[in-house]
Structures are given as C-alpha cells and as structure tokens.
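A, B, C and D label the chains in the order they appear, each numbered from 1.
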Amino acid sequence: MITLDNHPSGRHFLQIPGPSPVPDRILRAISLPTIDHRGPEFGVLGRKVVAGLQEVFQTRHPVAIFPASGTGAWEAALANTMSPGDAVLMVETGHFATLWQKMAVRLGLEPEFLALAGTDADTGLPNAWRHGVPAALVEERLRKDTAQRIRAVCVVHNETSTGVTSDIAAVRRAIDAARHPALLMVDTISGLASADYRHDEWGVDVTISGSQKGLMLPPGISFNALSPKALAASKTARLPRSYWAWDEIVAMNADGYWPYTPNTNLLYGLNEALDMLLAEGLPQVFARHQRWAAGVRAAVQAWGLPIQCADPAVYSPVLTGVITPPGVDADALRKLIHQRFDLSLGTGLGALKGRMFRMGHLGDSNDLTLVAMVAGVEMGLKLAGVALAGSGVQATMDHFARHPAGVATR
Amino acid sequence: MITLDNHPSGRHFLQIPGPSPVPDRILRAISLPTIDHRGPEFGVLGRKVVAGLQEVFQTRHPVAIFPASGTGAWEAALANTMSPGDAVLMVETGHFATLWQKMAVRLGLEPEFLALAGTDADTGLPNAWRHGVPAALVEERLRKDTAQRIRAVCVVHNETSTGVTSDIAAVRRAIDAARHPALLMVDTISGLASADYRHDEWGVDVTISGSQKGLMLPPGISFNALSPKALAASKTARLPRSYWAWDEIVAMNADGYWPYTPNTNLLYGLNEALDMLLAEGLPQVFARHQRWAAGVRAAVQAWGLPIQCADPAVYSPVLTGVITPPGVDADALRKLIHQRFDLSLGTGLGALKGRMFRMGHLGDSNDLTLVAMVAGVEMGLKLAGVALAGSGVQATMDHFARHPAGVATR
Amino acid sequence: MITLDNHPSGRHFLQIPGPSPVPDRILRAISLPTIDHRGPEFGVLGRKVVAGLQEVFQTRHPVAIFPASGTGAWEAALANTMSPGDAVLMVETGHFATLWQKMAVRLGLEPEFLALAGTDADTGLPNAWRHGVPAALVEERLRKDTAQRIRAVCVVHNETSTGVTSDIAAVRRAIDAARHPALLMVDTISGLASADYRHDEWGVDVTISGSQKGLMLPPGISFNALSPKALAASKTARLPRSYWAWDEIVAMNADGYWPYTPNTNLLYGLNEALDMLLAEGLPQVFARHQRWAAGVRAAVQAWGLPIQCADPAVYSPVLTGVITPPGVDADALRKLIHQRFDLSLGTGLGALKGRMFRMGHLGDSNDLTLVAMVAGVEMGLKLAGVALAGSGVQATMDHFARHPAGVATR
Amino acid sequence: MITLDNHPSGRHFLQIPGPSPVPDRILRAISLPTIDHRGPEFGVLGRKVVAGLQEVFQTRHPVAIFPASGTGAWEAALANTMSPGDAVLMVETGHFATLWQKMAVRLGLEPEFLALAGTDADTGLPNAWRHGVPAALVEERLRKDTAQRIRAVCVVHNETSTGVTSDIAAVRRAIDAARHPALLMVDTISGLASADYRHDEWGVDVTISGSQKGLMLPPGISFNALSPKALAASKTARLPRSYWAWDEIVAMNADGYWPYTPNTNLLYGLNEALDMLLAEGLPQVFARHQRWAAGVRAAVQAWGLPIQCADPAVYSPVLTGVITPPGVDADALRKLIHQRFDLSLGTGLGALKGRMFRMGHLGDSNDLTLVAMVAGVEMGLKLAGVALAGSGVQATMDHFARHPAGVATR
C-alpha cells in the first residue's frame, strides 16, 4: 500500500487549480471492480456518461471521451480538423495557451500567436497574461485574412496559469462580425463544471476539457465536444490521426462503447461526478464557485497584493493568481507553505515563474477549506517577511459570513 | 451507496471530541475483505494489535479488546472486579464521570460520588466540572474508610465533556498515601494516544479506552488494560458477566483470537492506526496534540470567552470547552455553525447543556484544519451577535506560525 | 496498510458459515468518513436502518441495535428479561445452543438443557446435533412445569455448528399448546436474511441476530427484535444491565440515535445491505439460498458422505455440514484445503471437533463461487485419500444448470 | 454511486483476457486522494514506478509512461520513430496485429503485412491466426529488402485475440541473420508481467505495453520501453507528434514527473502492483501463469474442442482460445454464460467472430477462480447443446491437484 506519508497527520490541502480535491464518493466509485468494456453493463454506463456530459457542456452534439489527459484532447482537436501547414490563429493568454501553440507547431501547423501588446507598468509582466482574449484584435486580424487562410481560432476559456476567464461569446461575435469561416476551438479544461460554459449557444466548434478540475475526478479522461461544422471539417482534414480520430470514437460512444479500451474506473468516477453536479444543478454550481472566488479575492485585496488578472470583468471563478512583491520568490514561498502547513499551491508558470502563485477554489471545497487555504498563505507570507496591508483571512471570513451560499452575491 | 449529502460540496469538518476524523489510510484498511476469525492469518493480526496496544497503554500486562463501544469497556471494568453491593468511590468531573456512576448504580454497586464543592462565581457552573480530580479529597475520603469497604476508585483521565485532563499519578499517590487497597480504575477513552498515559508507571489497575478518539478509528472497539491486581480481583468478583469476562478474552487474545466473533474490519483499522502512531512515536504524538491545544486556546483567550477548564495545569490536549456568554444558547450557535459552515462541534452535556460547546483537536487534523475550525466558530459567534474581544483566528495562526511542529512549545 | 498476504494471488474463498463474503458495495460504504453520531444526518441514517431491519425481521415492533457481536445480543436478551436464579428451558441443537446455555449459567440463571436423546448409530454423533428443535419435547416439558417456573424457552433457529434450521413456528405452537407463559427467545444470528424468519407471525418474544451472516456485513453489530411481552418483562427483570439495557436504546433508536456511541461505519454498511436485500426482495433472497443449498448438498450426496443434518425437512439454506469418514481428521483436511486452494471452511465445533467440516453458502456468493468451493473441497478430499462415490462438482453443476435462478426449485 | 447491478448476488467473474481482475490492494490504492503532480511526494512516486517498470520489462533503458490506453502506446511507438511514407514490416498473427497495421496506414506509413499462408483444413480458419510469428518468413523478407527500405519490424508478443505467444528472440535472430537495420517493435500489452519478457536480452527497440493485463490495474496507463537505437531514431523521425513525444516524457520521467498531467491515481495502483509482483518474484509470476494455463488447456482438451493456438510451443500463459463446433455461435454461447453464470469471456475478434471464445487466466486469479471459470464454460456448452468428450472441470481440477504451485510443471 502506498503511503507517501511526508506529513505526520491530517489531510493535505490540495489547493492547486487542478487536479482538484476529489470527493469521497468519487474516490470510492473509482475503486469498484473493473468490468468488461464490451459487456452489456458497460454500454449502460457509457451512454449515461455521454448524456451527462452533454448537459455539462450544454450541447446537443457529440462529446468524445478520450482515455488521456487534457493535453491529449488538445491534440485531438487539432489532429481531427487540420491539415499539414494549416494556419491557425491562437491567442496568448498565458502558459497553457502558449503550450497549445507549441503543440500546433509540433504537429506541423502554422500558428499565429496573437497577443495584447505591452507590459504592465507596475509588475513588468506582459499585459497579455493579465487579461482575457481581446476579441477586437481577433476580429481585426480575421478581417485582414481575406484569403481565409486561417482555419481555426483557438482560445483558452479559463487560463489556469493566470486566473482569467475569457468571454467566449465575444470571440464568437468577433468571428461572425469578420464573416470568417474559421472554426472556433476553445480549451475549457479548467473551466468546465466550475464556470458557466455553453458550447452550443456560444457557437463553439470544438471544446476541449478534462476530468481533474471542475469534474472533481483524478486526471486521465478528457473530452472533445463537437459541432456539426467541426465534424464536417474532420472528413477532409489530413493530419494523421488514429488514437484521437473522432470517426470511430464518436460512432462507438453513441452506443456507450469505445474503439479501444476505455478508462473504466475513471468512468465510474465520471458517472458519480455527473450525478453530483446535475443533482446540485449547474446554475448552483457556477454560483458556488463565483462566491468562493469573491471570498478568496477579498483576502488578496486585503493583503494589498496584486491579483494576476488585471481585469475584474474576467476574474476566474476557479482560481486566483497572486503576484508576490519584488524580491519575494513565489516558489520559495510555496515551498515554505507546503512544508509548514501541508498546503499545495499552484506555481507561476512560464513567464510568471517565481513571480506569482495560484490558489485554486474548485473541486471538493467549502468555505472552511478555503479559509484554511487563505490562512496558510497568510501565515506563509508573514513568515517570508512580506508586509501585508491587512488580514486576508478576516476579509475572506467576512465575505463568506455576509454572503450565505444560495443567495446571489453579485 | 449511502450519500447522506446534506451539504453540496467539500469535506465535513468533524471537530467534535470524538469520533475524530479518520485518516484515509485507516478508512481504506477497514474496507478490505473480511477474513476468517479462526484462520491462521487472523492470529497474526490479533497478536500484532495486542502488542501494539500494550505500547500505547505503556503496559506489559494484558489488554483485552472488546467488540463494543467504550461504554461497554466501562461495564467490563466493573463487572469483572466487583460484587453486588460493593462500594466504589467515583469522582465527579463532568458528564462522563456521571454516566459511569449511573452505570455503577444500574449494575447494583454502591458508588459514592465525590466532587469538588461549590459553583463558580462568574459562570454559575459547578466547580467540579471545571477542574481535575481533587487527589487530596480522594486521599481524605480513603483515610476515613478504615473498614476498607471501598473496593475501587474510579476516575476519568480526560473528561470529554469539559476538556480537563486529570493528574492520574496524583490519584495513585493519594491512594498509596492513604494505604488503601482499593483498585484504581481510569477511563481514558478520549485521552489515549493523544495525551500521555502510563498504565504501569501510574499504577492503574484497569484502564478503559476506545477506538474513536486518539486511535483515529471509527467507533466499535474498546479496551481494558489490566494489572495483575485487577486480574486477581476478577477471580473472586461476583457480578454476573459473560460477554465482558476477562478470563476467556485475555487467554484467547494472547494467541490473537477471541472467544466470540471479533470486529474484524475495525481490527484492520487498529492495525493501521498502530502502525501510524508508533512510526511517528508516542512523544511526538503527545507533543503534537499539546501544540494544537495551545493554538486553539489562544483563540478562545483572544475572543475573551472563558475556557471550561478553569485550571491551566489540567487543560486537555484533546479538546477545549468554551463557555458562551449569558443569553447565548450554545446549541443554537452550534446549529448555526453546522448549517452555515458544515462544521460539527461538541454539545454541552449534562449540567453544561446550552452553556458551552466543545472543539476537538484530535484525530486526523493539522494546523489548517484547526484554523478552519476556529474560523468557523468565530464566524458563527459573530453571526450570533457575540461581541468578541479580538480575533481568535489571528491568535491561532500566530501560535502555529511562531511554534513550528517539532519544536518544544511548553 | 495491512496486507495479510499469505497467498500470492487471487481472492480468498471465505466459505465459512459467517462472517460471509461482503459485497464490494458494502465494503466501500463502510469506508466513508465517520460522522457525528449526535448530528442531524445521523438521525436520518439511524431511522432508516431501524425501519429496514423491521422489514427483514418481519416485525412491527422495536429492533434494538447493539455495537457488539452476536454473543452480546444473546446476553442482552437474557439480561433484559430475566432475574437472578430464573429457570430457562434451552434446547441442545449444537455448539451455539450449548454456548448460549453456558452463558445463562454465567449470568446466574438456571438453564435446563433439553436434548433429543441418543447417538446416531452410523456416526456415533449425538442425535441432538443432527436434528432440529424437538417441539414435542418442549411441549411435554412445559406441561410438567405446572408451577410455571420456566421463564423462557430459548432455541436456535439456524444452528451454525450443524446446518440445521429448526421450525420456530412449531416451537411457538408447542408453548401455546402447553398454555405456558414462558417467553420465546430465538437466536437467528446465522439465519436472518438468508432463511425465512418471521418474528411477529411466529410469536417470538426476543429474536437475536447479527451482522456478519445473511446481512453480509463485517462482524460488530447485533440485534434484539422484541415483542410487547418481552418489553413488559424487562420492566420487572432484575439481572443487572446497562450496556445491554433496552429501555434507553429502544427509546433513542426510535429517533435514530443511541445512548452511547454507535458503530457508525458498520451502520453505513447496514444501510447499504438493507438497500440491496430489500431491492432484491426477501422471497427472492430466501429462494436464492435454498437453491444454492440444494446445489451444494447434491455434491455431498454424490460424494457419498453423510450430511450433518440428518433430517431433510430442516436442512439449512445457509450452510451444509459434512461428516468425514472414520480416520479422516476434518481439521487436517480443512488445513490442507486452505493451504492448497485458499479456501476457508468452517471447523467442527464442540462435540463435532475433527469429525466434520462446514461449507457456507451465504453472503456475496453465486453459482460459480459455490462450484469453486465444492471443487476445492473435492480436490482436498481426494488429496486426503478419501474415496468418493462420485463427482460432487458435477452434481452441483448439474443442479445449477438445470435449475435456473428465479424458477422455483422445490 | 454506480451500482451496475445486473446480477443479484456475488462477485462477477471477469475472465476476459484483460482488463483482468484487479486485486483489492490495488483498488484501495487507486482510491487514495489525488496529490499535486508537481509536488515533492510525486517525484518519489514517479521515480519508484519507473524503476519498478524497468525490472518488469527487464531493461536498463528508459520506459515512458503514458496516461492513455495501450492503443496510444502503439501510436507512440510509430509516431516517435517513423516518417511519413516509411515502410514497416508487420506480421499478421490475429486481430490486434491487424489493428496495429490499420493504425500504421492511418498514420501515413506503408505497412507490409506478412502472414503465414493458407487456412486450416479442420476449422477453415487462417493459419496465421493459429500460429506465432514465422521468424523464417521475416528473415526471408528482410533479406529481399536490399535497399533497406523497411524501417521497422512490428510484431505482437502475446496475441490477445488468439492466445498465441510468439518467440521474440527468434524474430531478433531473424533480423540479425538478415543483417537488416530495421527497428524491432513488440506489442506485449497482454503479455507483460504474465509471460516472460526480456526487452534488453531479446534486443527489442520499442516494447509497447499497458496496465490492465498482467499488471492487474484498471485500463488507462500504457508504456513504451525503449532502446538507445530507438531513441536515436526518434531524433530524425518526422511524423508529427506531441502528446506521444518521447523527448519530453523520457526526460521528465527520469525525475519522476511528466510534461503534462499524469494519471495520478492509476500510478498509485501501478506502485502497488509493482510491490506485489516484485515481492513475489518474476520467475514465480511466470510459473504461476504457465501452471494456470496448463490447467485450463487440460479442460479444453478433455472437452475435445480445438484450442485456437495450433502450435503447443507457443501456447499463451495468459489466455486460451477455444473454437466452437460448427453451428455453435460462440457469441450466443458467451451471452448465455454471462446471463446464467455472471461470467465474462472474451469474444472472437475479427476473422474469428462467432467462431471462438477466449478464457483469460491472468490477473487476480487462483486455482478456484479458474476452476469456476471452466465450470461456467462447461455448463454453458452443455446448455448450448454441445456434445463434450469429457469433463473439463475434472481435468482442470486434476491438473491443479497434481501440480502444486511452486513445483515446476513443465
């Protein structure tokens, strides 16, 4: 039996922005005995989880389920719709947008990486990493593409590296305003089932997501929600693909089966997660995360530290990035907090390395686990010698106490 | 599958002074398939847990393991050593001492219930329920018992209803000073494996304990640690007994078996708990609880509320009782905290009904879970309109931040 | 983590007549986090399991749930209804009836131990241990008790040591025919939820049962189903009792709570077991066990070995005892089978030590696990040099193949 | 909670040739809370599982671990070493070899599919699907490839669709004898940790395997064991790849980390599985499967039915395929067995559809579970009206009884 016991007592606080804390019900579900993935019980399970996912993606169209991490679902989105050398317009919003762009290069595409220009005067950090997708720039760029060489616009909905949740409907409007035929592909790996997301209503062609964030599962399953236009594009796309190929998986998923061996035990967990989320109701789930996020941001504001997301209109309900003062290495701080308080925070990724840390407020959390997270961070900041403007814990407590769950907080 | 989902998200904070939060390792261990309690594997398990318990009780003598709650182990202690009509000297320290005394009456014994006199001027609460066992009174009473009718002195080590941890060595000295042959029986149901406890060194004849507190197991197993004198007394004691009879269970436990069906799956958990506690080391375990208790008391002191235990020398490392201000119903407060923050606190028992609540700091806890508990209580107090002198959360955080674990804090 | 890995691969076959194999759903349920036994969720759970148990006992009257093994529930039945020196009529049907009689002596009662006379010519075993309760003898004895000194008739429904399921309705008729006021107390620890049992219809006053047989739970919970007459008797009975006292537990169970700490995690399992059993339907559950038993007995008959139960009218649906040929030590055989085939069988108890072994066909079993059990026994018998008349495995397979589940087999 | 309860009682017999029955220890391990895949505990876990896998693959070179099914690891092997249009020599041994060949086509390679010619006179089935890889044909073909256009020889070690375990060392000798530089790629998805496999000694360049067979895990992780020559080839190969790219994953795995989110909870299970397998010892593990396979084949031979593998030298220790008599639809038989005996068998795949079924003898099995499987099949065959030459169950029992585990059986 694995123990991995580096800490003598108590439950670890997993407050990275995913993998998120997994509910006990789900952990028990994934430990049930594996069954035959070609047997009759499996089809019942498979059809149920596909139908449940459609509700969560808010789509009537197919959702392909891959036994792979979210990164695999990125690849699936590109490999099924693109041909070698195709131009894609990607938008730099942070580390994960950048990784996706690098993947496009690796796959032989020609991504153009659009970004808000400039750096922030106070922090020296790139503006692009502190704001959402600039829909106006997208529109402008598409209008210039009179030859319609751009085959897809690829954006990240909830940028896990920064804590910015972009306005996807605005991107759709930008594409439409430019009368451009590009597909709209959206990564909501860390947004789905925490932040409101509407595949059909927002006109998304391929939505990419994964298991280990809002769905509260361990990592290992990922998804492509599709549009008829995306499915049509896949008929002629020429990038080689096999594992990721939609044709077989979509056809078989419809009956609750897979063309190869699926991730049976994680599907048990997915079934349980969908039961939990749909019983609570998606609007309630979204409101819960918004309330949590507001409570956590209240702490950062009380401390007097900058929030990574510089635009309140696109604050993420899933995570909050905090920029450390000059001279304070965010990773040394994270390490201290981990050692002293058994609390894992997200590191600063890419351009933000050492400059910020990320607090997740998703998954199997509640008011008190989030207050505990804020307390752990506050103790760590003080131990690291950071002068704080005020008590963040108090601010979070005040927020939660004054805004009972179930009452609108915005 | 049971869900019992009254709360939409996150892990419940079980901060009653037992059952305590159970570590994941133990929950997984108790879910392994049940084996034959008469088979060869079982003997290996049985002998291992008996040996481990001896280390935890700090005894070289037998420890009987009953498939029953701690209340059953109280009955076992009396039924094995007493005869109908026997006089026993019991000491009123709170609700559980009172329940044990009532049990003695039910079993046909004649308990005398010794108590510190008077009530506290500030709170109106009985002094006996705010202090430890008064060893001097015990000695005085035994000296008067020139006929030596008193067959046993029965005291509670860690009084779960008040948060007072009595000095058992002092009680032993009192008995010896009075040159009295009475047995010394001690209930440390909620003290064992959290507070230092020394069955042999302190000259205890029967120690009663249970699974669901410091041992971090679900309830359902309880223990009698014995002395040779207690075993000798059991040869002539005439109270009827069968399920609780030491003779068979002690003989069979020595080989790792039971005279009737034992509680197999909880014994798996006990095995795991003993592995965890002995790997950490008992001195480290005790220091950990002392540090936690000091941190939690700092909050109560910051709030300006009275701690139930009026004598700092006997503050419990396991739980802290808090007296609510006049007019504040502690149970209404507890209910509010439970509904708003998914946090269970201990109720005021017996004479303390509605007057106080209890915060447990035992089991699978750590600094952040305890800060969260304090935060939940503080939010609840404010929502209930209690004027607080200062921030308890801040005080707890300061204590934990300034006193790293592993460094002596007293 | 406990491993207890004496066997290199595969699932152990636990085919003793209890503890029975526990379904995966139940093992997962008992591993959920422990909750506050005084909180609001607990009452919901407690009320649900009490109501479910009433269905299983087929009673409208209270069922007390003890955090203890079945042996404790025996003690509870006697301690609540009897006074020191009371005469009870017990009936020798095997080892467990004998243990219960010894307990009555220990508790200060005066049991009379009625038994069918004589020994069996073929096996030299006592007739009493190969037949059910002789109702005619009970009636005869009660008729002679003109002073009505006998306070209770105590019988075992399903005698786990022999595989005999007595006719309890006949015992009730015997008492009524004798116009005797004695209480009828019945142990169906290993019968409940496998064999049909009707507390109310059969006029039983106290039924004793436990968790680890037909209810498919680990050991550690036990039950007393009561009649109004039993409750009335408890008002005046004078045996000392506290842990077992019905007054408090029945009153509190009615609200879903307990006077002391209950066995929380096993109650999760009980809740799950009741869901499973009641969803299947009790008649289906009973038919399932009858069919299994017939299939296993077919093997014993094919081998040409005597079944311990000499009266086909009272064959147990729960277990089948097999008498080994002269010179074949049944325990040596069991040991060989355990070592070679990872299969646990029940030992011969008391008068049957070394003369027989017991095969359980209860709990989380199905046709193939029972065929496997029969195969393991048959291989062991051959390896031990026992000449067999024919293939038991073939007989069991033929029975199961010819009698599909769900079709009446008697 | 998912129940998937189509069967009223007992444990399902999962006797397909994978996913195999998962040991309870592993199911409990995968249910432990997810941790941070970038935290310090994770590196310890990651390094341990990589080192353990090297022992199991019998290699000193890197083993890449993918969060994907085995099919993904096939794609990884090709995508990392090949360039568009490359010729690969694949060998038809059954359905999985065929699927791999189809994948090569999808990925833009030019596979040549070598096969033993002809069909079997008795069964009409292709000879290629009843024998192992014909090393002589491979050598012959490579000798003709004087231009050395063939970049890789791809074979399946244990063909899960037929129950044939090819001689990989012979394939290596064939390549060497032809003095051909092609890479040797071997799929041992269903062979690893059941059948002896020696990556280094046999000179394999890329070995593909997965979690859900001999490693006894749920599906969802797969592996590429590499040679220095394969790593060198990956530097110049031009197929697009990102998720499957060895460069990043091998570099990060060396430290116990991953370039994207790994399958944390399945890695807990892998850690546990490696502990179990290496504690038992690989030679013991292989001998255990050989003994099981011989016992199961004894049944098929007793029935008088043809074993799919026509060459005893390459009988699989993992599974046994059985050809049904003319007119007996193997899938109708499987369905009947599933409904009546809660036993899942493998279907006939591809060319074998309806003509045969497969019995797995791998994973968490033992003598009695395999006897049960054979009994279930035998009952099903009889119910389907198949005339059997003799008792397969008896033959299996005789084999197991006469050949104790731990004694060489070949």
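Heads up, the rule we're going with is that contacts are C-beta pairs under 8 Å (C-beta built on N, C-alpha and C of every residue); 3 or more make two chains touch, one makes a residue touch a chain.
The structure displayed is predicted, hence computed values, not measured ones.
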Pair of chains joined by more contacts [C-beta pairs], A-D or A-B:
A-D
Looking at Cα centroids only, farthest away from chain B lies chain D
From the C-alpha centre of chain A to that of chain C, how far is it in Å?
54
Can you check how far apart chain A and chain B are, centre to centre, with Cα atoms defining each centre and the answer in Å?
46
Per the centroid of Cα atoms for each chain, what is the distance between chain A and chain D, given in Å?
35
Going by residue number, chain C touches two or more other chains at 1, 3, 11, 21, 24-25, 28-29, 31-33
Which positions of chain B touch chain A when the two form their complex?
1, 3, 5, 7-11, 13, 21, 23-25, 28, 276, 280, 284, 288, 340-343, 364-369, 371-373, 375-376, 378-379, 382-383, 391, 393-394, 397, 400-401, 404-405
Applying the document's contact rule, which stretches of chain A touch chain D when the two form their complex?
1-2, 4, 6, 11-12, 14, 16, 18-19, 21-22, 25, 27-41, 44-45, 67-72, 75, 84, 103, 106-108, 210, 212, 218-220, 239-243, 245, 259-266, 268, 271-272, 338, 344, 347
Per the touch rule above, chain A residues touching chain C in the complex are 1, 3, 24-25, 28-29, 31-33
